[in-house]
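Two complexes follow with chain A in common, the first pairing it with chain B and the second with chain C.
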Partner chain A sequence: MSLVNFTAREITCKIVYYGPGRSGKTTNLHYIYGRVPETRRGRMVSLATQTDRTLFFDFLPIDLGQISGFATRFQLYTVPGQVYYNATRRLVLQGADGVVFVGDSQARQLDENIESLQNLQSNLLEHGVDVRAMPLVMQYNKQDLPPELILTPPELDDALNFRSVPSFPADALHGRGVFETLKSVSELVLKKLAAGSPAS
Partner chain B sequence: MSPHTRAVETWTLQPLTDFVREASARLVLVLTPSGQVLAQSGFSRAVDVMSAAALAAAIVASTGELARQLRQPPFAALSHQGPRTGFFLATFLTDRGTLAVLAVYDLDVSSLGIVQLFYEQLAADLKAASPKGAVPKQVLAADFERELTDSLNTLFGR
Partner chain C sequence: MTSSLNPRFTFETFVVGAANRLAVTAGRTVAENPGSAYNPLFIYSGSGLGKTHVLMAIGHAAKTIASQLNIEYLTLDEYVEAFHAAIAAGQGDAFRRRFQNVDVLLVDDVQFLTNRKEMQAELLRLTEALQQSGHQIVLASDRPPAEIADLDERLISRFSGGLVVDMGIPDYETRVAILRRKAEERGSKFQPGVLEAVAKVEYPNVRELMGALNRLIAFQAVNDMPINEETVRKVLGVPTAGSPTAGSSTVASPTVGSPDEFSQFLSDVTVTVGKAVEAWRARVAEAVMRWEGEGYRTGRLEKLLEQETPAAVDEAIAAYVQDVERLKTLEAEVAVLDPQAAGEKVFRDPDHMEAAEAAAAKVREGAAPPPAPSAAFPLETYCAGASNEVALNAARDVIAKPGKKYNPLVIVGRSGLGKTHLLNAIGVELARKKHAVVACLSTQQFVDELIAAIDGNRVDWWRARYRRATALLLDDIQLLAGKERTQEELFNLFNHLVDADRQLIFTAPAHPNTLEGIEERIVSRLEGGLVAEIAEPDKDLRRGMLERLLTQHRVPVEPALLDYLADRPIDSVRNLTGIVQRIIEAAAAQDAPVTAGLAREVLEGAPVPRRTTGLRTSGIVVSSAGGVRSREKMVWDWPTSGDRVIEDLR
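Right, the complex of A and B next:
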């Protein structure tokens, strides 16, 4: 749940990057970390295994500056993608204001994408949140791979984007689509806030 | 009041200020279980506050889940103590919902016992001061998109 301080005019929102294992969630955060000036970001915290797979979460706070007179900060989290880490995934999702679903564009990963999307819906429900009420954008990552290995964004939209939310082709390793994804989810989250959601 | 004591929600400020002084704590955070900071003391950079809050919330969440799987009530508090510094982390229920307190203390000026003692008072003061229910408020102007785009363009050096 976003935190709004009317006295100091500050907004803090939590955005979670969700998706199957190895889809590129941590890569998105690494790219953002590398591009954002040091004065506008905090330390990137990664709770990872020895082989650098996300164990609990990655966390990156960024400072967006003044939006409508509010100092606006976003807390970016990733979840561990592997199926067996569902308990920690559910914990990270708690209090999320927006979700980026990072899908793997490889055709052979389609089932994993669908399973992860269903898992997102189920975990949100456990927090009492209807996925239809959650600001959500889709990112189809690894679009830089050879065409014969991947599905196109329209094909992925057909298979995954049942809500017709904003979707972006991406190559997170080189930054394509990362900025657009973050911008889109930021807009959705702040629009929801602007619509007068309860301040808490 | 310490120059580094700051409250996002003002009702937390006095209880926190009293706690910092009496327990001689070096760093203190009052946060929600999802890692949002309500008040802090001793931190010099907002972003470091957020990292500490995210990690504290993760500890609260993971120990809570462990307790749930063990069919136990949530663990009320936990602490770690190193050679010079320790930290104490505990949760309690208020009208604002469940809150957590993370207190970091130096062993040459404080101790776990002192921190625990004054934490009880802090929790009671925060429970008494917490507002009853949240009020919906209009937050942002409807035309914030341009400012958001400018901010993100600046962030990404575009």
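Right, the complex of A and C next:
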């Protein structure tokens, strides 16, 4: 995917929300959907099972309008978290400009988090992308749960964020940390674009 | 001076809602019982909420109930203007009487009383007089009396003594009702929900609401498809207010985070994008957007974006802008010469400058200047005398200060007295000035050109040709009689030129107000300048002319001949020319010198047929090349009726 098309004066960012099943990826998108004015958002496509589990992926296009003369669009995707949908995950990851890793803060979900993170790494490699080159942001969701059930952000950082990427405690259901995460990943993506383009 | 009531503004066409019910009820009451219910009635509201409508509706309703009532509607400005005109004309008392006899006086835009002490005094006097005689006065303003700055206390108390009502912004239901009624009036149909969506937008006044409706009607007409509720916002360009939960199946509760999260995010991203997209690309992209928005082709700039590291971006943009400026100049120049050609695409394409230059050159060549004055009539050869002194002096003034002193100058006089000569002479002098474009032609030619322009669908071009004239000189203006379209065009041209201080000169056989078939508005404008009359040539003038004519023909000027000819009662310059011609021809035929005796013989002895006089037109057709063709001069020796009787007797 072409991130910046100077001829058509377009910037398109594909951001993928990745993470284990039930960590709150779709919830992130729903929250954003609710905050974006109708005129700026497209239809949110959500393919879910009867129990509201993402079957294929969620897709939310956002039109940010003209920025510095460029029509700027963000495309937000989620992947299905369940283990057996790996083919879908790999497909959705294709051409991603940035990834938000939505981790589940519950202590008992730590292994799933680690597994998903490894899965992300291997799927990116499949596309020939080094995870170190991919703009990545960590979000530790469900921080609103009772403290005895969850790990604190520093603990999660220790366990998951060995590359020290930006990380955000979140409560996606109520919106805490959602836009901070999106803003952070956007900045990384756009900065990478600046670094990757020839200097004037 | 008084505006007439707009027939569309009646109570029947006014949509009443909670915000204006009181004003309408009061208005109706006043219309039913003028002078006795609320006097004065003072209505105020913001702009575009229907003050004028209600004011006029009161007038209509009062007139319907009692048709004998004398009703006047006017704005305060019109009132002031009328007052000043009356004072200037020394008719102040008549002005006061006129308004005191009005049964229902409707005054709009009273807020303009600010800083007009004398008008406040006048209005106070009038209000008192009207109230005393039981006549109604209704005033409308955009603010209550007490808030009109600098308003006389007595007026405030007078206005407040009646009834002061305000009209607010219509509520949603009223807005829907207004939109429905207006859409119906225009014969436009909308899908259900569309007008409601428009009404949801809180426009500050009804006028803007109507503007929105107009846009929808236009959009629907252009796109030939019905608008739905969703497209309304797009068409009207209304930004949607962040409505976090509306219409979405969000699971997020809006309790956390401000509704402006997205705006905040957007502004952050804007900063990041600005930094990320290299500055030069952003500059180019912005230039592309700007010029594309103005309708210029931007191919050249877009090519810059395709390159990895283009050199000298700023220079490239500057060169592009320079080309665009040149195109603008060309387009403006062409617009003056030929408005139709100005719209051509070639003036919007900076990538093909040569084509634009060529197109402009073509228009320049094609744009024939308006007919110029004939050089055959120089001012030096125009003989002065008491009979044309006024006209000649006026001509000199006009030449010295074109457009400033006498505008228009109308030269009147019978045929053959030299009007055309003087007109062309002034034209020649005016044309000597820098950048002068003098249009000098006969009215007949003017009419013919317009007809040709209408025929060739080039009226714009024709108009533009005359509009750029620095002076317009029309001979024989009486020929406009009955030519309605030409009068219309001349009226507009007249106003345009006079407004721009360009000189206008006309000739006519008699005072404009005696000419038949010329519209009043043109007559009044002609009379508004200076009407200078040329009388029959006096003896001095005749003498001067003769001397010049004889010298021209290389005839020795014999005092006896001069005296004899100058003493003859000749009623026009043209006849004088004819007589000299005849004598010279007779002399040539007889191979004798031109003497007084010969002249006497020619003029009194053998009756040589002479021509009639009294044609209404000058008959001289002047070509812009400077040549003169005069059908009358060619046949000047037609017999007069007196001579013809003698001929017949023989």
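The rule is simple: the second predicted complex is superposed on the first by the 192 of 200 C-alpha atoms of A that agree within 3 Å, B and C clash if a C-alpha of one lies under 4 Å from a C-alpha of the other, contacts with A are read in each partner's own complex, and residues count from 1 in each chain.
The rule is simple: contacts are C-beta pairs under 8 Å (C-beta built on N, C-alpha and C of every residue); 3 or more make two chains touch, one makes a residue touch a chain.
Treat the numbers as computed from the prediction; the structure is a model and nothing was measured.
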{"item": "Three-chain arrangement built on chain A, chain B and chain C clash or fit", "value": "clash"}
{"item": "Which superposed partner A:Leu190 touches (first chain B, second chain C, both, neither)", "value": "both"}
{"item": "Which of chain B and chain C A:Asp171 touches, first, second, both or neither", "value": "second"}
{"item": "First (chain B), second (chain C), both or neither touched by A:Ala87", "value": "first"}
{"item": "Contacts of A:Val36 with chain B and chain C, given as first, second, both or neither", "value": "both"}
{"item": "First, second, both or neither for A:Ile11, with chain B first and chain C second", "value": "both"}
{"item": "Which superposed partner A:Thr27 touches (first chain B, second chain C, both, neither)", "value": "second"}
{"item": "Chain C versus chain B, contacts on chain A by residue", "value": "B"}
{"item": "Touched partner set for A:Leu182, first chain B, second chain C, both or neither", "value": "both"}
{"item": "Partner chain(s) touched by A:Ser68 [first = chain B, second = chain C, both, neither]", "value": "both"}
{"item": "Chain B and chain C contact sites that coincide on chain A, given as residue numbers", "value": "4, 6-7, 11, 35-37, 40, 64-70, 72, 179, 182-183, 186-187, 190, 193-194, 197-200"}
{"item": "Chain A residues touching chain B - in the complex, by the definition given at the top", "value": "1-8, 10-12, 14, 35-37, 40-43, 45, 47, 56-57, 59, 61-70, 72-73, 75, 77, 87-88, 91-92, 94-96, 179, 182-183, 186-187, 190, 193-194, 196-200"}
{"item": "Complex interface listing, chain B residues touching chain A", "value": "8-10, 32-38, 45-48, 50-51, 54-55, 58, 61-62, 65, 69, 96, 134-142, 144-145, 147-149, 151-152, 154-158"}
{"item": "Chain A to chain C touching residues, read off their complex", "value": "4, 6-7, 9, 11, 27, 30-40, 44, 64-70, 72, 171-176, 178-179, 182-183, 186-187, 190-191, 193-194, 197-200"}
{"item": "Interfacial residue positions of chain C with respect to chain A in the complex", "value": "233-234, 239-257, 259, 261-262, 264-266, 268-270, 272-282, 284-286, 288-289, 302, 305-306, 308-309, 313"}
